[in-house]
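Below is one structure, written out as structure tokens; the observations come after it.
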């Protein structure tokens, strides 16, 4: 074949230059084979997802696509809590995307447009700019990869430690060195592809140094040109350059094709699974749990195929980034739970059972237990359903619904701590977790100097859904009394449901007793529907979450606020006034169900500012607030003797704030857990725990009146 | 092989309860009903035997009471009973534990089980009599306060332990069929999820009249009882002398009491 | 029908103290001309004559049985025959595990008036009226026995005062009819519940109940008990949960605080079975956050408050 002489303004790269026809055919054969393997692999994965249960997605496809593209292109989910990884991954992502787009562009012309329609565009200025962009992309790619290697190899990040808290050394799947091998292999392969790309580019330049259009335009590929200079300086001749280029061409091409073929079989598939997972995300994943359809025989997930296709996809989307592992409060105090490892276990299980031609017998699909791939009871029961994992996951894995669904199975089997069993029975019998008579639910209000309206009997503007702890726990009853006083001071026309109120059911649902939750939700919706009110206010974030997000599924759609919003409004409208500014140095603990679940971060802070308090934030605040440990039913099951409790861990964090006077909470369970933790961590006398309501009351009572009305 | 488990839906008193106008019982409004705590254990024991048996064992729950008792029977079905039977007639009102035992014995004759379990007592009236009275009526061997049981279905005898006062156990061997009253703590009763209770609604509850079990009104009610309620009243509670003040003040007084007792030696 | 027949209880060669309490109850029911007879069933009944010789007993009836220990068929038959032969109008037995094993069957068979867990018995207008508890001991229930010539009452322990020992009642024997027993006693088993603490000998006990909430709180109270010089005890739920050994359980199926003079109950609600083991103690102090807890009904002093706060404050003073 003769080498055509090209003109400089038509400069381009001749593909397969100096390759024999057989060679080219071989390359295409390998290429098609690689693509075929890729498609086969993809088919096996998709078939696996389809073996899960059905699921209908809400929301339009285009919006989902738009949200996904926005998340992926901005990389905002990856840079959260790890700017280094965010930046480096951006470099890798954009570098790789550009390089891939570059190849695709060439293929587009060479294999499709030119042979079929005679269209050519990859030459001249376009070609030169194209070459520059790709060279820069390559630099970005390599830079990102080098940082990631440094991060993995030298930074010793705890979240990249694959040791599992739910296994012991010696268990077959304790440490998973195969993951580390795969991680490094991926980094190295990409690096090699990138580096050989430049060397290949340089070798070609050396080989074609006598061709003016190539040599004179070489600096449009600056890195390649620089390497070419170096190679020449080292004595590489044009002929040797040609040989090097020929060899490297195949090497580079083969590795790239192998990588493509292996995508569906390795972690490289996250390119697709992560994007797909982001596209099918449920923004209310942990806040609104799915109902069990009447027709379903078994409640809960007993087999891997009880998960729906989206959940199976979630399992594959996980990139082992470890952010959920790092954020989990149970893991932080040594409980045998890491959300990461629940997902990875199930992923391995799905891989082992659902990727072959035939789906195994039901008995082999059991995901509960201690064998590799299974999830143990202790792991599932350690979860606080605080959604720190769901909130931080860059690829939209929804851990909490998966855990709750598995808990539903445990509940059906009665496989729970006897104390939890007893509490569920108590709630069923009396409608509250304290075992108190329903009639005593409103007794806390008797101590007030004014009557509290019965919302069952007369219409009110604001219906206050009080909740179990605020109704029955002595410490929290005091807070309820103060809130009633504040509401009255603010001129709010309010009432409570007295005996008509039952436990809202948020935690019962998250324990997995869906049947009992339905009973509670139905009863509350019925009571609310018979009452006449404009909006609901609640002092209990758990009740707030379930009434706001989950009751609509039970026919109860209401306008509901947490008390912090209502009080803020009252101040804004002048109905409450600060008579006595508090000069305390405080910190604020964002309650999981108000903050992370429902994005209610600002109202409490605005209130504290209004009250004149000096707010010093803890490191783990707002979306990263560290759960007190009471959620997911854990307040009803004591922690094992001798372990650190999440609340103690959190108080120690607060204790590090110099001069801290008040640790402010706005949730009844937080109040209980943290007051206890202050004592047990030896911080009594250093600072106190106060409900925000208590501070508001303190600030609105003028000093000289205090002595009379306190 | 069949095990008959006699269960009772007991009544606990709600806050601020009131005695009925006739002074012989509490106003029905203030009664909170639930399955007797002991019956959780006796039912669980029967279901355990059923699950461990090689041959089929039928567990039948039986109770005396009006329609509201069905809720407790449904719980039994959810926990593993195969069938439930309820017997009721207006004439049963006013029955003491012995009159109830007559009805249960009649049901037992109809069902012909190999074993009959009852709870040691009920948490509301604590007669601790019904099960053994049934045994007397049937003429069966019987043992009360069983805290451990070893029985293979269809066997001629069982080995069990009676839980005596002071934490002592008495092991005996008893001929079967027998009536056993089961004590708390013999096993860990399984949890019946609400879903399973709802699904148990599919299993039928057989409702029988007195005639169906071969009895008439004269066998039950006051006529069939060995005692009669004359009067029910709220007793004068012993008044403890309350120590007032905050925790520190209360503890200080308590420390005084302790030191008075120990002679200040501590 | 006349006269009162008391069925005494013995176990492992020892007379159970409730037997003498029953005599105390019998004395309260005696009418003019009534004799009080105490029957004792055992394979060697004579050895129990001495402890049964207390004031108010007119006759001790020894009944020789085949087995040294309680047997339901033997008791049903022997006591039934005694009643048939002597025609008492009141029969008093203990409300005990042994009685649970036969009394109801016997009463049903003989058509006797029958009431259990009786803590008060009197005659009103000539009629026998027994008082027992109802609805979990929250109410008192008076029962009577219209038309019943003989009434069997199972009497609650630790309620009636045993009379003083006295000189000699007459001693007779009664031949129980032969009986085919359908159960056979094998052995007694002591529950080895952990440590070797002797609750029955402790004079100062501090007991914790369900109110402590979690196992992790137990060490705090153990330390408090040590500090004030008390023996640590617990109610049934704590022992059942394994938080303390069974040997520390006070109550009906646990130990009776027989020698105790000062009893502090923290977080104990006062279920009847627990009270059975301690309500006789001279000075009882109850600490509970629930002002309505039954324990306050038997306590001399009551503290309504948070048990942990009180415990903390108390600890500081020792």
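All chains are identified by letter, namely A, B and C, in their written order; residue positions are counted from 1 within each chain.
Rule of thumb we're sticking to: a contact is a pair of C-beta atoms (placed from the backbone, for glycine too) under 8 Å apart; a residue touches a chain by one contact, two chains touch by 3 or more.
Predicted model, so just to flag it, every value in this text is computed and none were measured.
Where is the C-beta contact count highest, in terms of which two chains?
Highest contact count belongs to chains B-C.
Please indicate which chain is farthest from subunit B, where distance is taken between mean Cα coordinates of the chains.
A
Mind checking the centre-to-centre distance between subunit B and subunit C? Centres are C-alpha means, answer in whole Å.
20
So what's the Cα centroid distance for subunit A and subunit B, whole Å?
For subunit A versus subunit B, the centre distance works out to 50 Å.
Taking each chain's centre as its mean C-alpha position, how far apart are subunit A and subunit C in Å?
Spacing between the chain centres: roughly 61 Å.
Would you give the residues of subunit C that are in contact with at least 2 other chains, written as numbers and ranges?
Answer for subunit C, listing residues that touch two or more other chains: 306.
By residue number and range, which residues of subunit A touch two or more other chains?
418
Can you name the residues of subunit B that touch subunit C in the complex?
Contacts found on subunit B: 11-13, 17, 19, 26, 96-98, 101, 120, 123-133, 135-137, 141-145, 159, 161-175, 178, 181, 185, 226-235, 237-243, 247-248, 250-255, 257-258, 261-262, 265-266.
Using the touch definition up top, name the residues of subunit A that touch subunit B in the complex.
292, 299, 411-412, 414, 416, 418, 421, 424-425, 428-430, 437-440, 513-516, 518-519
Could you list, by residue number, the parts of subunit C that touch subunit A in their complex?
Contacts found on subunit C: 213-216, 241, 289, 306.
Could you list, by residue number, the parts of subunit B that touch subunit A in their complex?
Those in contact with subunit A are residues 14-16, 32, 34, 188, 190-198.
Where on subunit C is subunit B touching in the complex?
Those residues of subunit C that touch subunit B are 11, 69-70, 72-73, 76, 95-97, 100-109, 111-117, 129-130, 133-146, 148, 182-191, 193, 204, 227-229, 240, 246-247, 249, 252-256, 261-262, 264, 272, 283, 285-287, 296-306, 309-310, 312-314, 316-318.
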